[in-house]
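The two complexes that follow have subunit A in common; it is paired with subunit B in the first and with subunit C in the second.
Here is the complex of A and B:
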């Protein structure tokens, strides 16, 4: 606690050996704000905004009055080009070539970033805009397409079979890849040896396998050579073949960044290697592993080409993965769009919206799990 | 990391000389089970993933033996007449991928620069998330976007390119007069150009993520030194960030290229198949290896399936070489120093 009674720093009587902290002075004028070093001055900000406004005006003049360039795209292009030009001119008024280059580069980089962001936003908004109508009927997610023609209205039929099919196929694929992928990563990082290097090389090489080739592999082996029918199980196997190297590699990267000091501390305390892996390495890496797995699942749920070759598209709900054709979300979208019927295409867009929401939910979950590392820990409870 | 399990040596008999006790590095008990179990899992994954590659090579062998070099030089794919070759689809694959990279390369470099150097601190992490999310969006969604939203505009852009740059063979569209009063839309859609735009949306986030990561590892001391010497922000970028991140730029681009070559469903949705070697990227009709597989696997006899597997194997080898090269470049560059 600061000594609040000491008002004066210098006492009038004998100098005391006590030192006093300076106190906050209520009546003092407010501190002078520091000039921000990185921020532009008002002049610069005015020049920048003014240049873009001038560019807007020039763009209107050029596209609407002078040249036959109709439409919004040309207007935006003209605005960007002319705004950059005016920015360059204003920069040349106060500086040399170096400043001009700096300003032009800044507007080009910012413009490219805006293009990318608007492309992403346009994708999401476009799909949702084309597909919202079927989604307003509850039956779109509670019934399947059995007995529903491509021209039927939206209060009939739905994509329950595709959602269930995607869930079952992903579940089986995950049941195969999760233990194998994380087990391989543990082997590569914790056991090591010559075999681990070979495994790492092969796994990294197989991440280059195009997904359609993974599908063709399962189609050739499982369906043509073994004579099995097209089924959800075959699709799961194809997705698993595609996902296994991805998850193993991502988990390997996560496990490699677990600090070696933690392992050594555990071993020094007498834990066995197995205990070290189970109680130290894997819990430390848990958020990262969850992120790796969920991003792998997000990749797997959206891949169309492996299921296109292996599962066959059923219009009705199939709950048994070994029982013939089974639909899934991406396959439903693909086959429905291919039919060419406008109603069916709207249905496909609605299914694509559902798929996007699903991927977004998985993505947000992965982000939240990855962020949890700084959350409250039970080891901190006793302290302060 | 070397781990040891210490097995206490038996008590030395009293009276004998003191000797250092023996240390065993062999795993015992549960550890041995763990080590062998992990090794078994690793070996099984090796067998599964390696098996796919070996199986493809083994299946491709009869086709390659039967058709020899003509498999790579023949452009028609007519199994009924025993004429099979992947020249046209290979050229189509490469042209789609190149168009995608023409769009994806500048945008990914500039986007990565924006995120690492220009973006305000408040929106930086959201932009990083946005790029990661963009990579997670399913390719069928980009296919829908490319087919229904972009293709009409891409056709207009193609017409403009044909009109103004038509004397370059790449931008020529045969069978269409660019100056006609009513332009023939059908000649400009469903081309490698349109497919490339959709594929660019898929490979851009991958390339951008790699580049951003490398740019963000630029030593801050060197950046501050450039700024302290009076460089503008762009001067600092050209003098420090870009030379430092060169490996990341090349590696990220190659990773994106590897993904672009194998992309299937967006391409299948957009292109109309044509088996012809042509440089005219704006003209309707092209085909890629993956589109060929997706279109022909259904009616294929075992021999044709082997031919399709051979085409898939060639595609796999190309992407493998590109991805390995990318990994080597990213790791060898200075950017990778000190990073696990």
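Here is the complex of A and C:
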């Protein structure tokens, strides 16, 4: 507003030659086509790939011919270090210090990412390679180990009892932790106050609870003090101790991002706090809560030490969680892989493959549920 | 809609895993029994559990260690425990190690030798026939002998020298029955060496790690460390099945009969015929093993570091966990284990129990009937026992002495050493490789036997070798066991210092890298100089 009036004032008092303001045509292409940022020219690409090939050759010479550093790990480390060095030198030859820093930073970051990816991939590949043979027999997932000795071939026996045991134990653990965990999260976010802060600290501390302590806790309380037998129920209690903080914490994070406006609107419409939580907050956060639960399950399904102390490894199918020893997947893997008997160890790796696939399926489900939350919402659309 | 479908999918996954239950079936006479304890004997126990499953016996055994087994039993949370060592009264940490007043009996279940496995390479070739005396082994594990070229080791191998390489003992870092068995033997046989090292007398479940020794948790990890990439020069103690499964050699240990023997099933069984059981009721070690006779058994076949593990069974009449059905299950399970079950011990690297220990076992089983008269023990005695080491129908006949093969002559002290490989679960003998004409060892070891294992008398057993110098075909000499294969003799070059190669290697590598990188750096610095001026 003041600008416009000022401009009018100037034009009236001083009839100076017309000034041309620089025009900026947004639609016009730039006069000279610039190389796309971050996209290397063939020259640069040649220098980059060539440097790594040179690093490869150097690493081979240094580790395999000159120094007594045999083995793949040393070779890979040497390749990375020498490749980075050669890249830095070639960058220095064609550009300045900035290019050198850029190249070195890029290779270090890429290397770190590759290390993480290769750790995951090699775990899966290693386990699957050592354990694929029993998996080719259908009986591996349809029968149990009763009457099957450690040396028996793979067309006998399977891990049905372990899968069923894991399922039952997780089911009970989930039945305990689902209301407790989400209830805790609701308390922390909706009720608040000083006590909620204490609870939040305790929950966060519990996330770091070593799983063997959870097992010992149930062992001393449930089995020794109460005199209950080792059973699937005791194992699920121990797993529940492990799962509870995970679910409570993840659910807390999810509930906290529910927009405050929704709560306020609900309260302003006259709903009670309870109705607000039940009909507004929880439904809004439902996919996130499902993710929290699945993360908890994925944690619980792989826990070995709590079940090791509390359940006992039965070789046969047990369907009743209160009826004595019950096996589960991690316990089966643990007890079998340490036996030193090659056939049994292969069986354990096959069971580990099944467990990996199970956990992977759970995580994919969690990702799908999580994506659905942000996918079609208006926030995502506006941002991109 | 889609969201619900995915949620349903997630729940469906769970439901499928939960819903696949089927009712467990058990016969009326038996009840499920549970036990925990030794990982040492876990494999054979799992095999027995698999075998008795067909009879309707449901037995659950979870490893976790002897100490855990004794503790669980003391807390009455199990029906039996398996342990290599008895209740100690007070353990190393000063905690109580008792049964908490629960009445119990010790029952021998399976025997085995503590094997010493090693990785030692002469010119990239694994040594597979190392022999050591008990004293040398004790000195190695008490850091008195620290190099493979030690004269004591050379003397044990009848003059065969090994390269200069530091010895790295690999011991168990966790509390372990194997450690207890090994240290018991050292404490009994070489107290001056062991007690000076340990600082006190007696056995320990936790090996005192000093010097170069590496600690590893679990026999499997000890074995993996020794067999591993950087394992050259290591030696460790594990149960015999681990080196056999890993195809790794074990040390032949010198016995009082003057022979170097491997812990094969029969060598251990022969040694254990001298095992005694403490029958002094006032002793805190009542009913436990007295193995002094085993360590000093003069039989040339006896493996000195032999012992057995116990099952701890509840014998109280008013035991809170036990019922008639459970006692019956326990008794029948033990009957199978002590008798027919022992035939499978050899395959797993264990050893069948000899007559004296089986008889002791039956005396303990009888206590279950004493506690509960309803337990049926008819026709379950030594007479009907189908144990491979004795004939139940004729107990005076020493079947074990007939079937256990005599050691090869080249295994004698001052002879050999034999060229046969160890750690193959086959006996080193001059006689026929298959022990016992009765064929009572299923999956006889000779099927896995290397055809080249030197059995000099057998036609075609030893391959003719060509003398590298003369080109003549060297045939095995006629006399038994004197065939001694050519071993690569390690040669130490006076000028060959390993630190030199490493140093010059590094220098060469540095020069190479400098050669490649420096021109580039030079170019870049030359290129930058004119542009750098005006700035």
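One rule holds for everything that comes next: the second predicted complex is superposed on the first by the 308 of 384 C-alpha atoms of A that agree within 3 Å, B and C clash if a C-alpha of one lies under 4 Å from a C-alpha of the other, contacts with A are read in each partner's own complex, and residues count from 1 in each chain.
We take it that a contact is a pair of C-beta atoms (placed from the backbone, for glycine too) under 8 Å apart; a residue touches a chain by one contact, two chains touch by 3 or more.
Every value quoted in this text rests on a predicted model; they were computed, and no experiment measured them.
**Q** Could you figure out whether subunit B or subunit C reaches more residues of subunit A?
**A** B
**Q** Would you sort A:259 into first (subunit B), second (subunit C), both or neither based on which partner it touches?
**A** neither
**Q** Of the partners subunit B and subunit C, which touch A:308 in the superposed model: first, second, both, neither?
**A** both
**Q** Considering only touches as defined above, state whether A:188 meets subunit B (first), subunit C (second), both or neither.
**A** Touch status of A:188: first partner only.
**Q** May I ask you to decide whether A:123 touches subunit B, subunit C, both, or neither, giving the answer as first, second, both or neither?
**A** Once the two structures are laid over each other on A, A:123 reaches subunit B alone.
**Q** Quick one: classify A:102 as touching subunit B (first), subunit C (second), both or neither.
**A** First partner only.
**Q** Would you check which partner chain A:40 touches, where first means subunit B only, second means subunit C only, and both and neither mean what they say?
**A** Neither partner.
**Q** So, A:50: does it touch subunit B (first), subunit C (second), both, or neither?
**A** In the superposition, A:50 contacts neither subunit B nor subunit C.
**Q** Would you sort A:283 into first (subunit B), second (subunit C), both or neither based on which partner it touches?
**A** Touch status of A:283: no partner.
**Q** Based on the superposed arrangement, let me know which partner A:224 touches: subunit B (first), subunit C (second), both, or neither?
**A** In the superposition, A:224 contacts both subunit B and subunit C.
**Q** For subunit A, what residues appear in both contact lists, the one with subunit B and the one with subunit C?
**A** Residues 224, 308, 337, 362, which sit in both footprints.
**Q** Which of the residues in subunit A come into contact with subunit C in the complex?
**A** Interface residues on subunit A, with respect to subunit C: 54, 58, 61-62, 66-68, 71, 82, 85-86, 89-90, 92-93, 96, 145-152, 160, 163-164, 166-168, 170-171, 174, 223-224, 227, 229-230, 286-287, 290, 294, 297, 308, 312-320, 323-325, 335, 337-342, 344, 361-362, 365, 368-369, 372.
**Q** So in the complex, the part of subunit B that touches subunit A is made up of which residues?
**A** Interface residues on subunit B, with respect to subunit A: 1, 3, 5, 27, 29-31, 33-35, 37-39, 41-46, 48-50, 52-53, 55-56, 59, 106-107, 110-111, 113-115, 117-119, 127, 129-130, 132-134, 136-142, 144-145, 147-149, 153, 201, 204, 208, 232-235, 237, 258, 261-265, 269, 290, 293-294, 297, 302, 305, 308-309, 312-313, 315-316, 319-320, 322-324, 327, 340.
**Q** Which residues of subunit A touch subunit B in their complex?
**A** Against subunit B, subunit A makes touches at 73, 98-99, 101-102, 105-106, 108-110, 112-113, 115-117, 119-120, 122-123, 126-127, 130, 179-181, 183-184, 186-188, 190-193, 195-196, 198-199, 202-214, 216-217, 219-221, 224, 241, 244-245, 248, 256-257, 260, 263-264, 267, 272-277, 295, 298-299, 301-305, 308-309, 330, 333-334, 337, 345, 348-349, 352, 355-356, 359-360, 362-363, 367.
**Q** Would you tell me which residues of subunit C are touching subunit A in their complex?
**A** Residues 2-3, 6-7, 9-10, 13-14, 16-18, 20-24, 32, 34, 36, 39, 42-43, 46-47, 49-51, 53-54, 58, 60-64, 75-78, 218-220, 223, 229, 239, 241-242, 245-246, 344, 347-348, 501-502, 505-506, 508-509, 512-513, 516-517, 520-521, 523-524, 527-528 of subunit C touch subunit A in their complex.
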